Amino acid sequence: MTLTIGVDVGGTKVAGGVVDDAGAVLAQTRRDTPADDAAKTRDVIVEVVMELAAGRQIEAVGIGAAGWIDANRSTVLFAPNLAWRDEPLRDHVRSAVGLPVIVENDGNVAAWAEFRYGAARHANDSMVMFTIGTGVGGGIVISGELVRGSHGIAAELGHMLAVPDGHQCGCGRLGCIEQYASGSALVRFARSGARQEPHRAAGLLELAGGDIEAITGPMVTAAAKADDAISIEAFAQLGKWLGIGLADLAQILDPQVLVVGGGVVDAGDLLLGPTTQSFMDSVAQRGRLPMAEVRPAELGNSAGVIGAADLARRR
Amino acid sequence: MTLTIGVDVGGTKVAGGVVDDAGAVLAQTRRDTPADDAAKTRDVIVEVVMELAAGRQIEAVGIGAAGWIDANRSTVLFAPNLAWRDEPLRDHVRSAVGLPVIVENDGNVAAWAEFRYGAARHANDSMVMFTIGTGVGGGIVISGELVRGSHGIAAELGHMLAVPDGHQCGCGRLGCIEQYASGSALVRFARSGARQEPHRAAGLLELAGGDIEAITGPMVTAAAKADDAISIEAFAQLGKWLGIGLADLAQILDPQVLVVGGGVVDAGDLLLGPTTQSFMDSVAQRGRLPMAEVRPAELGNSAGVIGAADLARRR
Amino acid sequence: MTLTIGVDVGGTKVAGGVVDDAGAVLAQTRRDTPADDAAKTRDVIVEVVMELAAGRQIEAVGIGAAGWIDANRSTVLFAPNLAWRDEPLRDHVRSAVGLPVIVENDGNVAAWAEFRYGAARHANDSMVMFTIGTGVGGGIVISGELVRGSHGIAAELGHMLAVPDGHQCGCGRLGCIEQYASGSALVRFARSGARQEPHRAAGLLELAGGDIEAITGPMVTAAAKADDAISIEAFAQLGKWLGIGLADLAQILDPQVLVVGGGVVDAGDLLLGPTTQSFMDSVAQRGRLPMAEVRPAELGNSAGVIGAADLARRR
Amino acid sequence: MTLTIGVDVGGTKVAGGVVDDAGAVLAQTRRDTPADDAAKTRDVIVEVVMELAAGRQIEAVGIGAAGWIDANRSTVLFAPNLAWRDEPLRDHVRSAVGLPVIVENDGNVAAWAEFRYGAARHANDSMVMFTIGTGVGGGIVISGELVRGSHGIAAELGHMLAVPDGHQCGCGRLGCIEQYASGSALVRFARSGARQEPHRAAGLLELAGGDIEAITGPMVTAAAKADDAISIEAFAQLGKWLGIGLADLAQILDPQVLVVGGGVVDAGDLLLGPTTQSFMDSVAQRGRLPMAEVRPAELGNSAGVIGAADLARRR
């Protein structure tokens, strides 16, 4: 049985795990990310790998990170939440740990994990995943292979246009879907609703200690589950836009499965219900042809470690 | 040298050609399409193939048709401009002509031709093509293979959402990109401009004999080339929306090349200029990373025959 | 008791009535409109007035017509459904009938009738009326007086922008509210729904003899009242946009009453319910300040005659 | 000659002036606003009036304040930048100073000043003014009288809908015109441009000390005048939306003059040019009928004092 290590590098935590060829995580560890220091972030990754590799036969290492990765899966061109700029991460870690290394975008890594071992494991060919975090990321599998793009930046699903001249996006353009279908958008919808109609957001406001600016995504999820009207509406808004985005992907790629991931799927049908309704309303073939099924992600936070490890195995 | 036959089935004409393994068309023929009779349309295809095959060693036949084709490339599920509904076209033609046959969507066929022998022949991996006709079709190549989708309906690019609650589309939804980036949209923009500001559409109105309702796409192209202000603006509007659609595809698939095809490319830079500008303004990575190049199609009306024949060879 | 005559000039009918100073119609008559002949249309108006005036003491005549009327209420500058272009209608009719005459836009006339004797008669100061016909017209009363505008073209409410780059309007622009909140839009929504989901439009399709293109506005109203799902949704779409338009007017003019008129109000709460909901969702002061009440018109087809007659009395 | 006092209550300054019946300011004074203390803000107003009234024969006092004022012009219902909530301001100041007092919304006051003595003084009947500050306010004059609305909240022009589902507004709705045509929007546009294309914002960034977040509206104006490309584009975006808003008002009210006020008019044709172009492109009657002229405000910061004083004279 061959083992590989997956490392998930986030803005706050570096998580690592030893993964077998059935996608099971045999051991794991976690460190804080020294996000503002490029060299220290590399060092923490090396530490995590060394710790996990000790006493084990490891074949290769996969690293998933939020950012643009070059087409060779070796250099991090730009990472919005880390200090890396044109960082030759693969070669550095490879030299330090003496193992083959690949570097991959975090959205791709999560999609791969769900394709192989999660919500789309019954699909043998194609899937698209939207990962809803602070922003919106994604991953695409076609013909059983991850689509990386000719410059390594495929599946930047957050910057599809949702509303011409819409809400201003961090990328500079108005109306990217990230401004309507992200965790940040969910919070923005919920805060706005609580400000306008506080009597309908009583549960949410209680969780936030009465402070609208203190409302977070997990609070909106918890309040929605406890029947808070404004929180439920915030998920319905999110779902409407997510369904529109999924429909675009279904028109473009006609995958077997469409997966929705990220912390927001904890809301269950409060998100998936409106999402599926909007998806069905938005596809041109509605009711006439079979279409992709829409499913929530199943691997949660482990997707990054599992996907990175599995991609390292298939490098 | 192996030869294959490609047949391009349109709403008005059935065109066929004998194609060699370098993409050259060695012989061709053409018939009117009896579009309202499913059986006669099949018969015409068979006639075209028999005529072209006479005295030649033909390996296989490829048929391209506007419509939804099943994932086996055998049955036309629905063809908007023809009488076919769940038509087992492949088996019928195969029995009649005694050769292997594949059936493929017309947008896929044209994209494949451009990928192999046209505007994207220098790309070895990936391309996306928008075909601008009455509607908007498309084709996608990833890892050197056509993306057909799990139900055979990938690359329905015309039904990506452009404007929420926008112009009503024939598919029932409001705001599909087909309503903004198609030949029909070009004519709608030009007619509207001519109605509002006839003095700025003098050249276009002369071509149309003074009748706004008589304006056609080729007239808009001709008038734009002759400096008709309203016609130039109509192409600029088309290009703006086309650039937005191309940007979405670049974000999603990061292909090597983006090809724009259909009769509208006869307008040259009057279309490509605004299209490229809008594309550059719409990609989140603008100026920071290399992106797909945007190119006009090169094979014109022959793309259908060449692509179908080449796909038959690779069946 | 003084009597005046009101004449309502439509594209198909010229209706006239004798009206007393309480807004009661004492006598009426009706002729077909010779719409493509400017002179004959004038002649029919004169005939209608002569017939009604015979044997009565008439003080003045008011004429309401769809079109742009100059600020002196004398000349029809342009009438989309009639042959009049810069037609000096007031002076012609005045000479022919020997009575004082005023000419007024049909939307203004209807609004005035509702303000004086209809849905807004309890308002003593201000109201805005949207008249939903084939297009969208309107009328505005401020400080108890009709707002005519400095060029006679105030209250062209149909050409407020609803959706930037939205559905193309006959005026040449994309996205005027007339494309979303008119009778034509209602029919477009219903036809589109019936085409996509015929099983949910069974009642509507029966009324239309199975022919989607034969669907008319009154059919949608009748089917909606009989619980046809697609027809009910078409009214909900109409109401959503109408509510947005009413909210803009409430923000701008803060009138006492907002009146919705035209044949669509026959649908009752099927229209008024979604309209009021959308209105409440769209005003910035929702729930914090009293706002205009939204009411259906009460005078129906008589509003044109009553309003024109009353304006003639107050000339 | 009668004199009245006008007081302009802003979030940072209380400005007062003695105004004669030709709109000339004969004396003025200014204090800081104790904005978070409702009672102290009243006291400062009283001090300002007492100082100005000393030794003069004053007929009445007018107070302009940002907020919702009741229809009696006596109570401030809500003031977003001040501590007043249901504040009986008129009666308090009247008791304290022993003079007749009226309270009016600041947008109305500025519009009245421009109508009587500024950009619209040649209009004898009607005008609409957009005041572009942090937000968007407005004022409307019809038949020579200010339109106050039946609840005192007419001319809330900032909350007209510009983009359905657009940029989130402070009022809770998505897409109010305030998010596209305000000083805040100008700064947002400029910051976004500077972030994306810093080389085209060199002049603007120099004014801001290299800190994008330090960019202010006056910096954008100064940089635009010095040919900074991003700053010029930010004004063009602002002008596009402002023109659309002005066109809606022209369709609705057909006023003689449309006035644009606020600090942004310092940019001159860099704003007025795109505004007028967008206005002309957006009116349905373009080129067929005379329309309102679009003019920049002329009275600058004095409009508040002059307008309030003049309204007090006409109380």
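Labels A, B, C and D are assigned to the chains in the order they are written; within every chain, residues are numbered from 1.
Assume a contact is a pair of C-beta atoms (placed from the backbone, for glycine too) under 8 Å apart; a residue touches a chain by one contact, two chains touch by 3 or more.
Listed by chain with UniProt protein names: A, B, C, D = Glucokinase.
Predicted model, so just to flag it, every value in this text is computed and none were measured.
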Original post:
Considering C-D alongside B-C, which chain pair is linked by more C-beta pairs in contact?
Top reply: C-D
Original post:
Do subunit A and subunit B face each other with the same patch, meaning over half of the contact numbers show up on both, or with different patches?
Top reply: same
Subject >> Relative to subunit B, chain with the most remote C-alpha centre >> reply: D
**OP:** Indicate the whole-number Å distance between the mean C-alpha point of subunit A and the mean C-alpha point of subunit C.
**Re:** 53
Original post:
Just curious, how far off is subunit D from subunit C if you go by their C-alpha centres, in Å?
Top reply: 34
**OP:** Provide the C-alpha centroid distance between subunit B and subunit C, rounded to the nearest whole angstrom.
**Re:** 45
Original post:
Do you know which subunit D residues sit against two or more other chains?
Top reply: 163-165, 171-172, 196
Original post:
Okay, in this complex, where on subunit A does subunit C touch?
Top reply: 164-165, 196-197, 286-287
Original post:
Hey, which residues of subunit C end up touching subunit D in the complex?
Top reply: 68, 77-78, 123, 125-126, 140, 142-143, 145, 147-157, 159-164, 169, 171-173, 176, 244, 247-249, 251-256, 281-285, 288-292
Original post:
Contact residues on subunit D for subunit A in the complex?
Top reply: 163-168, 171-172, 174-175, 180, 188, 192-193, 195-196
